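Several structures are given next for inspection.
In the two assemblies presented below, chain A is common to both, partnered first by chain B and then by chain C.
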Partner chain A sequence: MAKSLYIVIVGGGNIGYYLSKALLNQGHEVLIIEKDVRKCERLEDELGSCCMRGDGCETAVLSEAGLNRADVLIATASQDEDNLVSCQVAKHRFKVPRTIALVNNPINDRIFKKLGVDATISVTNTILEHVEQEIPAHPLIHLLTMSGQMEEVVELLITRDSPSVGKSIGQVRLPADTTIALVMRENERPRIPDASTVLRENDRVIALTTMDSEKILEKLLLS
Partner chain B sequence: MPGTESLKHNKLVIVIMGCGRVGGKLASMLDAAGHRVTVLDIDGYSFRRLPPTFSGTALIGNGTDEDMLRKAGIEGASAFIALTQGDNRNVMAAQIAKHVFKVPRVICRIYDPLRKDIYEQLGLESISPTEVFADLLFNRLENVK
Partner chain C sequence: MDIDRILVAARGNGVDQVAVELACKIGGKSKAKIYIVYVLEVNRSLPVDAIIRPDIEAAEKVLLEAEEYAQAHDFEVETEIIQARDVGPAIIEVARQNNVDLIVMGMSYKKRFGSFTMGNAVPHVLEEAPCRVLICREPKA
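Let's look at the complex of A and B:
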């Protein structure tokens, strides 16, 4: 088994609860910090003594939770600003090596990383990725966001009206931070393209790009 | 203090988040002093605190949202003041103003003195009304003979 970690979870809502349950099952030591006394009682009933009542943004509460020996802090409160503060206090006051924040507003992904949060999980983007994958006609699908970076893997479907149909990849002036990694064509094995690969209708293109360049890529390949 | 000099002589663009008693009062003072003030609040009812003479902009919106701050004209602002009831909201908006929009002067209200200390160490200019008021009362009581 992997090394057992001391993980502090701020917020005992549904996400905090299921997350704790899973992490406890994996053999980690888990403490949930939750403001609401009724939620605390429910968590203790279900999971045993792994809950502390208090505000997970307050230094005193985090100190009592033994944050200076925590390996990871995961902030799962419903407000982005609360998660930011929990992570920043954990990072700067208690030197927690890994802080993870849930974010609702997708823009905060970038902002939180800039402000020192180690990793963010964008609830909205995650749901959006799944929704896109469930809608087959969607021209650009987010497949994966690289953790800790602004890079992402997207899939694009070349249609008859795409400006890139009949052009080679070398002719499409891709942004510098964007690479077309794979071209998938019906009845053919997926191929790693080079500059001379010509794009055809119904090609599915897998590209490595960034959030900033995604719009340019979409414009170049799709419309 | 940087910025105090220019406050007297130049017309500044100032964005205030939170139109409570302090926010509303500060907005009207700065407006009366001839500055261009935009005040943001999530509740339009808060703007009743602005005097009828207020010539600035009152905008309904959440100041922790980057897009909203942009709408409030933060990109050209000389100062941003975070004055909502929530310490965390203030801390987040102030850091966005300072680190994303590079607003030259950012001041943040943080009620919790411990949280204020942490963010001061992180370079955020912060004021804890709790501390200020407790000090004030303490000093007055010390002078009671």
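Let's look at the complex of A and C:
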């Protein structure tokens, strides 16, 4: 088995509960920090002595939880503000090597990453990505978000109305942080494009971009 | 009421000796086997299996005295130091594992914010124990 980690989970709701259960089964040491006394009791009944009552945003509580030796902190509270504070305190006060936060409002995803949270999980964005992938006609599909960074890999479908049809990649003024990595055409092998590659209708373009530049890229290539 | 196995939960609080004496008296007729367990509560800033030398030595001393007393009265004794995050659940676990008929616990007289308190471990054991529980409170100072 891999090395056993000490994992602190802030929030003992459904996500915290099932996550702890899975991590305990994997042989890790887990502690849940939960404000609600009844939830704490339920967790202790189900999982044993792995729950501490307290506010996971408070330094004193996190200190008592032994965050100084924690390998990972996972913030799963229902309020994004709480999750951000827990991760920030863990990262900067206790030097926890890895912080992971649940992001309820997708707008906050970017802020969390900018403020140093190592990984964010946005349920809304995850569902949205699946919806995009399930709808073939959708012109922009998120394929991958780089862990802990602002970069992402997207797929764009060039349609007849796209302003980039008939233009070479060199003519499209891509943002500096964006690269077109691959162009896929029906009945052709995918190719790594250069500045002279001309985009055609029905081309599928794989691009590496950032969250900030995604909209500009979409506008340049699609509409 | 047959009592063949008694668990004494030592706490290092000065009532342990009385708890062992009580266990010996209750188990005298049936010559019950006595398990004496000392649960060391380990702070979460340390791994649960951390070696906390002074605490372990103190626990060993308590267990040694208790064991000597029980053996002097001709009882079969088993002692153990357990490191856990919480005392209560650890005592319950040992009670279940050894299928004991009675748990004897000593508790000190404590007040918190002016009110009498039993702490966390005693209420947990009273609530969760699968067997009879006898609590021995030390006299008021």
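As a working rule, the second predicted complex is superposed on the first by the 219 of 223 C-alpha atoms of A that agree within 3 Å, B and C clash if a C-alpha of one lies under 4 Å from a C-alpha of the other, contacts with A are read in each partner's own complex, and residues count from 1 in each chain.
The criterion applied here is as follows: contacts are C-beta pairs under 8 Å (C-beta built on N, C-alpha and C of every residue); 3 or more make two chains touch, one makes a residue touch a chain.
Just so it is clear, the structure is predicted and the values come from calculations on it, not from any experiment.
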{"item": "Fit or clash - chain C, chain B, common chain A", "value": "fit"}
{"item": "Touching partner for A:L115 - first (chain B), second (chain C), both, neither", "value": "first"}
{"item": "After the two structures are overlaid on chain A, angle v-u-w for chain B, chain A, chain C in degrees (C-alpha centres, nearest 10)", "value": "80"}
{"item": "Partner chain(s) touched by A:S196 [first = chain B, second = chain C, both, neither]", "value": "neither"}
{"item": "Which of chain B and chain C A:E64 touches, first, second, both or neither", "value": "second"}
{"item": "Chain B versus chain C as contact partner of A:H92, first or second or both or neither", "value": "first"}
{"item": "First, second, both or neither for A:N187, with chain B first and chain C second", "value": "neither"}
{"item": "First (chain B), second (chain C), both or neither touched by A:N25", "value": "neither"}
{"item": "First, second, both or neither for A:N14, with chain B first and chain C second", "value": "neither"}
{"item": "Superposed arrangement (fit on chain A Cα atoms) - minimum chain B/chain C Cα distance in Å", "value": "19"}
{"item": "Of all residues in chain C, those that touch chain A in their complex", "value": "43-48, 84-86, 89-90"}
{"item": "Residue numbers on chain A that touch chain B, as the complex places them", "value": "57-60, 79-82, 84-85, 88-89, 92-93, 105, 107-108, 111, 114-115"}
{"item": "Of chain A, residues touching chain C in the complex", "value": "6, 29, 31, 44, 48-50, 52, 63-66, 68-69"}
{"item": "Chain A-facing residues of chain B, complex", "value": "64-67, 86-89, 91-93, 95-96, 99-100, 112, 114-115, 118, 121-122"}
